[in-house]
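Input: structures, listed below.
There are two complexes below, and they share chain A, which is joined by chain B in the first and by chain C in the second.
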Partner chain A sequence: MMRRSSRWLGWTTAVLLAVTVVMGLWITPPDQVQGNLVRLLYIHPAIAWVALYVSFGTAVVAAGLYLWPRTRSLEMDRVSYCAMEISVVFIALTLVTGSIWGRPTWGVWWAWDARLTSTAILGVFEVAYLALRRANDDVEVRARRSAVFTLLTAINVPIIHFSVIWWKTLHQGASVLTATGSLNVHGTMLTTMLLSFVGFTTLFFWFLFRRVALESRRDARRTGELDSALEMRRREGVG
Partner chain B sequence: MIRTAWLVARKDLRIEFRSRVLLWQVTPFALLSLVLAGLALGPDKAGSSSSAPGLFYLVVLFVALSVVQRSRSLESAPGTRASVATLGLDPAGVFLGKSLALTLELWGLGLILLIGSVLFLHIALIGAVKALPSVAVTLGVMSTAGTIYGALTTGGEGPVTLLPLLTLPAFAPLLVAGERSLSAALYGGALWEWWVIVVVALVAYVAVGVAVYGVLEES
Partner chain C sequence: MTTTEAADLRPEAPPPSKSRSTSRTVLVIVLLVVAVGALLSQGLLKSLNYFVTVDQAWTQRARLGTSTLRLEGVVEPGTIARTGQGASFYLDGSGTRRYFVTAQGSPPQLFQANIPVVVVGHFASKSSPDFLGSQIMVKHSSNYIAAHPGRVRAPNGTVR
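Up next, the complex of A and B:
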């Protein structure tokens, strides 16, 4: 059942992203100001959305559920870890696509802008999280510390989100949906952007399903190896 | 909880007082870092006080890291944490006590570094006095955050290298807020928004520490 759902999700993602590519590259018109550079904006905001809110959000919620005594299970730890791992990839993609767009627009690959810097700091936090997991062998200790660390890093998301309002540096504010609720993007451009958001979100869940399944198998193998090693030692002792 | 905090803080401070590690190792390191930071910029730029707040907080950050490292090493001897656990102390009290001891130690070092900045980086004495409250609160946040991150790295592999990796991103907003508030105290400008960030961070770290320190110490 799980395998079938995963396959269905994979195909849906592939179709959604393929349609996004076709619409983004051939159907939508060039922007009046940015020209063809606007096509990068069909993927950059969607990738950032997955990195900061969907993926990192899933990691934070799962970490919270792990720490909550009633919902504590290693499955929650696994979901949190895998979501964080995917978030690292998406944060890197966010910075790379932003940088490619920034070079012709702002004239630099990197600017000490509030949103860029705070996003990069979140990326460093996530790499630190992966290092923290590798530093502890005990499964329970690792899960507990990782969950606490994840919750501590969650404060970064509102900082990143509101950084464009609080500091007013180079990165533009909300472009698609403004604070007053009015839309700034219309027609095929809006459709392509929405498709991109849905496509990358389903891509995240497809990755998550696959990654959690892999991690569960890896944990089961480790437990199996430990059990067989213990059994072997026991036999040696008896013999 | 308060009684436990007071006991733990007194214990940590007494160990520091007797061992003199802060005095003979960390303080010279702090001053040397300040001089080296000035040298790295060159005599002209180090003398211009516009870079002084940033240099001051960069040195504070590295000193804070070594003090946090030192605070964790007090419990690194085999069996120490296990025997402390059997005492049945309130973990929230232990967290507050360790944070308090760290804060007092960092306040002392921060004061020395501010005097060093007046001497080596030519910041105005009156500006340094005006900056004291904001420096004190920022160092308080670094202590509480450092106590939590220190507990996260205890017992694992490579705690000495892991601690900076976990702590530095958390200290980054404090570095910015501290540098801006020190600049505002020295050269004028809006102080309140940086104060808000630092105070919110202090409340958040104290609340998180009180809530989760027990979970971390179970490890």
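Up next, the complex of A and C:
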């Protein structure tokens, strides 16, 4: 069942991203100011959306569910860990694609403004989370510390989101999730951008399904190896 | 052959190496604090506000003196002059507030009239309205508008 769902999700993602590529490269018009550079609009914001809200958000929710006594289980810890791992990749892609877009538009690869710096800080937090998980072998202690750490780092997300409103930044303001609720992208450009949001979101969930399944198999194998080692030791004792 | 009941030969769990794991955790946290501190000192603490607008510079002119800053405003149409070393133009604020900018280096691809820019540099002297820039950055808006909304697709598939 899970396998079939994962396969279905994979194909849906492939179709959505293929349509996004075709629309982004051939159907949508160039922008009045940015010309063809606007085509990065169909990649960068969607990747940032997944990095900050979808994958990191999933990690935060799963961490919260782990800490909540009624829903505490190692499965929640596993989901939180895998979502965080994927978020690290998407944060890196966010910074790289943003940099590629920034050079021809702003004129610089990087600017130490509030949006870029706070996003880089989230990336550092996420790498620290992965290091923290390797700092302890006790499964329960590791899960608890990781969950607390995840919830503490979540404070950075609203700072990133509102940084372009609270402070003067080189990074432009929101085009879709604006404070007034207005949409600042026109026609097929908006359709394609929203399509990319859906495509990258399903890509994340496909990654997550696969990654959690792999992690579950690894855990089961570790347990199986321990059990067989114990059995072998027991036989030696009997013999 | 007698059957012997298997003794419980499970290895005893080793005493938890709490001090080792705690020291690793502390090490991770210390490294994290150092990394975030470095990022903050480079980024947010120096520039929570990345630039000073022309209007702000106008009211704080005496305090700014000739210190290096990032000045933001809109490029005034008809004033751009490309020089061998860069470009010069008027940078507008609200009303009649404006500064004359002479910037070194090639401007970014999107540099043009009526676009907001951030110029890194300093005022020529404590009372001068001339701003000497070393770098121009374009601060484009979050509006995305089709360049040719009225264009049509020809039967052969080309766009005109």
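Methods note: the second predicted complex is superposed on the first by the 238 of 239 C-alpha atoms of A that agree within 3 Å, B and C clash if a C-alpha of one lies under 4 Å from a C-alpha of the other, contacts with A are read in each partner's own complex, and residues count from 1 in each chain.
By our rule, contacts are C-beta pairs under 8 Å (C-beta built on N, C-alpha and C of every residue); 3 or more make two chains touch, one makes a residue touch a chain.
Computed from a prediction, not measured in an experiment: that's the story for all the values here.
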Partners on chain A (chain B, chain C) - clash or fit: clash
Partner chain in contact with A:Asn184 - chain B first, chain C second, else both or neither: second
Touching partner for A:Leu152 - first (chain B), second (chain C), both, neither: first
Per-residue touch tally on chain A - higher for chain B or for chain C: C
Chain B versus chain C as contact partner of A:Ile121, first or second or both or neither: both
First (chain B), second (chain C), both or neither touched by A:Gly224: neither
Partner chain(s) touched by A:Ala131 [first = chain B, second = chain C, both, neither]: both
Which of chain B and chain C A:Ala111 touches, first, second, both or neither: second
Contacts of A:Val38 with chain B and chain C, given as first, second, both or neither: second
Stretch of chain C penetrating chain B in the combined three-chain arrangement, among 20-28, 110-118, 128-136 or 146-154: 20-28
Footprint overlap on chain A, comparing chain B with chain C: 121, 124-125, 128, 131-132, 134-138, 141, 145
For the chain B and chain A complex, residues of the former touching the latter: 148, 152-153, 155-159, 162, 165-166, 168-170, 172-173, 193, 204, 208, 212, 215-216, 218-219
Residues of chain C touching chain A in the complex: 4, 6-7, 9-11, 16, 21, 24-25, 27-29, 31-32, 35-36, 39-40, 42-44, 46-51, 53, 72, 107-111, 115, 118, 135-149, 151, 159
Of chain A, residues touching chain B in the complex: 67, 121-122, 124-125, 127-128, 131-132, 134-138, 140-141, 144-145, 148-149, 151-153, 155, 159, 166
Interfacial residue positions of chain A with respect to chain C in the complex: 29-35, 37-38, 41, 104-108, 111-114, 116-118, 120-121, 124-125, 128, 131-132, 134-138, 141, 145, 167-170, 172-175, 178, 184-189, 230, 233-234, 236-238
